[in-house]
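Pasting the structures in now, so scroll down.
In the two complexes that follow, chain A is the common piece, with chain B as its partner first and chain C second.
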Partner chain A sequence: MNAAGSTGAAVPADRSWYEASARARLDGLLDPGSFGELLGPRTRTLSPHLAMLDLPGAFDDGIVVGSGRLAGRAVLVAAQEGAFMGGAVGEVHGAKLAGLLRRACALRPDGVLLLPDSGGVRLHEANAGLIALSEIIHGLLAVRAAGIPVLALIGGSNGAFGGMGIAARCCDHVIMSEEGRLALSGPEVIETVRGVEEFDARDRALVWRTTGGKHRYLLGEADALVADGIGAFRTAALAALAADDAHRADDLDALTAAHAALVRRSARYGACRDGLEIWRAQGIAEPERLPLLDAPDFLAAVAGRDA
Partner chain B sequence: MENLQYEFAGQRVVATPPAHALVGVVASGNLEVMIEPAALGGRMQVQITTAAGGFGAVWEAVLRDFNGRHPLADVRISINDVGATPAVVSLRLDQAVEAFEGGPA
Partner chain C sequence: MQLATLLEALFPGGHAVQVAGQVVTGSATTAAGPVTVIGTTDHAEIGIEHALALAAAVLASTRAHPAQPILMLVDTAGQRPTRHDELLAINGYLAHLAECLDLARRRGARLVALIYGEAVSGGFLSFGLMADAIYALPQAQVRVMNLQAMARVTRQPVERLQALAASSPVFAPGVENYVAMGCVQALWDGDLAAALLAALRAPAGLAPRAALGRQRGGRLLAAAIADRVAGGEA
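And then the complex of A and B:
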């Protein structure tokens, strides 16, 4: 155990990302012993709002932030603990992440890694959480404008929803596992607002066909789809940093091309009711088998698609 | 929500303790346990914040058992709990001691 608060225990590379805690994910992702936590649990920076509502807080308010090394490269990292209040963003939680992004602009690390596992804003302190998310998104764009790549690694049980879904898509690179989910409104929210005819939130397969990692990869919103292992996320994060070194697609041309792609996508898939219909329209043979394939077979099966 | 505090006699001093050890998570039926070195004249102090009020006697019994297994001296143990059962609390406490003493987390 090092002084910074990580357990320091060796985390096997095939350990499930989905099942790991925020701290275990960082332990396995970063070079052993390299993690240094900021505002760690000993500082007892708890949410003041939860205490006022008579609810127990967490010593780290559900997010672990700090610095570390990824194959020797200096990175800043933030990992949300999905088991604490659904990884939701409260005032302290959000301030830790927003502060880390400001620190990135000052320190200029080789990259910033976000490990979202969140349903969005914490409703117990929603105004503060919403303001924090606007600061986070502002911070993300400032880090990117400074030429520092920001990566989102999504594979936890809460996925990245609400404001954290927006924040994830403000990153340069999104890496997902099949288990990961990425969207704005969650399935239950859509069903509540629009009715079960619009979206059946109990249909787990449908939820993953519309928000899951494979679908996000096929829509081009995740640039890498990896197996559910901490080592696989580490490998993909290193590859994303290397790709960013070679070519940083953040200029006006890239933005114009992205907008044109969104217009094309809306025209092509706007009437689709299910991910399956989109996969079929992309010319993927037997698209109904895609949810059953493991990551390498899936990537081989979709390699020739018309995206 | 209820705040509780207990103190026990300690016997075993951890020679080179880390700044802290933290295990568990604040989630339903679960708890987080943090152990830190503290100059307490050889005693073990336990501070608890729990969502479930009215279980002081159960906490004291569980902690007395724990203190019997691991009579650590000069440590402060801080707990945030959301209704974990006594068995879960005991396991987390043992896990925290393992992490504090440098064993596998």
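And then the complex of A and C:
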């Protein structure tokens, strides 16, 4: 995609993105004091569908949306709270994000930052969640078509799975930490449906080699790989916005080129069964050491690959 | 309904539609002019190869005749959950398919989806749900997950979910639930060719699904919440 965000080493005091709440991520990501929440907890917009099942709700339904500044640039932001229902998308949660994307088309900020931390559809309100995700995807593509860059910052404990995995890839830029995961079907789903021989969900190393930030970066699914720190994500997000190389969603040539790249990936790696085989095919020496490297060493080790 | 039967009913004037590896592509003639036809069949589990074939057909249609309507025939059991697909990042392939369809709309093609078999989860999200307007046959099956599996994952007694499903369209499988929530515009019964013509001649643009869901009483919150955020309510 681009090389804009390949920097972003964490400063020593950098706070973990993985361990932070949605609000703490926004707090550290944006310019101090610049965040203004929309439809915040005070409005008590709970999910009535969880209440119907006698399940506890959250006053923000697990997503924080609003506006802020990133080194002075005006941005709209949405952060999913992974600690509430795994960040899953229900009717209210999804509508808040869809509404924010409509606001972006109207206000035309310098960028939109999406902070996914979600397993996808919230099954307790599955139909509403699925439809909401389609409204989110339509919304993301509308914002991009309006020429406003959209960034996905993935590094939370739930990653971006299910419909959120598709939505994240409908953004212009994807920034991930090694701890971040980006996929469609979760490892447990594959194991349940296809058997443990197909995928052993308890093999954590295999899970990271399949869905983790380093593998997604090497595939070209993420255009920046950063250390697990809020400051590192901020640096990479700034670089992506400053690069201003967002290809428009409304661009037949860009999509034709993206198509060719996906065809090439299938042809080159279609027979591979493990991330290691793909990294080796890219000409990376000693690929088995990649999972052990921190972000700067990893980026140096893979710089000369044949991607 | 079988694909061959469906195509005959939709296109009495004839069609040139082929099936390869569960992917449906081609074109057909209607009284409203030619249409591009794409889709899947036999409850296809959408893998990266299906996504690429569908995206290629959309890009070709957009390049050759951008304003030609695209009929999307939906029959998918969902995304293919395999190691192969996830290793190569199927979410990226499905996002690409969604982007291709979105571009087709922006270049002037009307996107009409018809669910004639199953419409499930990720396979539906990246394809049928990208349409301007979605229709379904009455026997279509639309869902995220069946109730038994949902009960297991949510740790709810299946009897309780069944009882709730009688009064709420919000989680249970069923095409009528998707009608009530404003996602499926209408069910097509009877003369399918006439129904298709009416859809092709309806006003263009993305159907206002959230507003429709509120109007039909199946999705009461989404439209209002989105409006409040879009309007800047703190």
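As a convention for this text, the second predicted complex is superposed on the first by the 288 of 307 C-alpha atoms of A that agree within 3 Å, B and C clash if a C-alpha of one lies under 4 Å from a C-alpha of the other, contacts with A are read in each partner's own complex, and residues count from 1 in each chain.
Keep this in mind: a residue touches a chain if its C-beta (ideal position, glycine included) is under 8 Å from a C-beta of that chain, and two chains touch if they have at least 3 such contacts.
Here the structure is a predicted model, which means the values were calculated and not measured.
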item: First, second, both or neither for A:Ala83, with chain B first and chain C second; value: first
item: Chain A residues touched by each partner, larger count belonging to chain B or chain C; value: C
item: Which of chain B and chain C A:Leu141 touches, first, second, both or neither; value: second
item: First (chain B), second (chain C), both or neither touched by A:Pro41; value: first
item: Partner chain(s) touched by A:Asn158 [first = chain B, second = chain C, both, neither]; value: neither
item: Chain B versus chain C as contact partner of A:Cys170, first or second or both or neither; value: second
item: Chain A positions touched by chain B in one structure and by chain C in the second; value: 40
item: Interfacial residue positions of chain B with respect to chain A in the complex; value: 1, 18-22, 25-27, 30, 32, 34, 36, 49-51, 78, 80-82, 99-100, 102, 104-105
item: For the chain A and chain C complex, residues of the former touching the latter; value: 36-40, 43, 45, 48-49, 52-53, 65, 91-92, 94-96, 98-100, 102-103, 106, 121, 123-135, 137-138, 141, 145, 160, 162-163, 165-170, 182-185, 189-190, 193-194, 198-199, 210-211, 216, 219, 221, 249-252, 255-256, 258-259, 262-263, 265-266, 269-270, 272-275, 278
item: Residues on chain C engaged by chain A in the complex (per definition of touch); value: 48-49, 52, 55-56, 59, 62-63, 79, 81-96, 98-100, 102-103, 106-107, 121-122, 124-126, 129-130, 143-145, 150, 153-154, 156, 160, 164, 168-172, 177-178, 181-183, 206, 209-210, 213, 219, 221-234
item: Residues of chain A that touch chain B when the two form their complex; value: 1-3, 5, 7-9, 21, 23, 40-42, 51, 54-59, 62, 81, 83-85
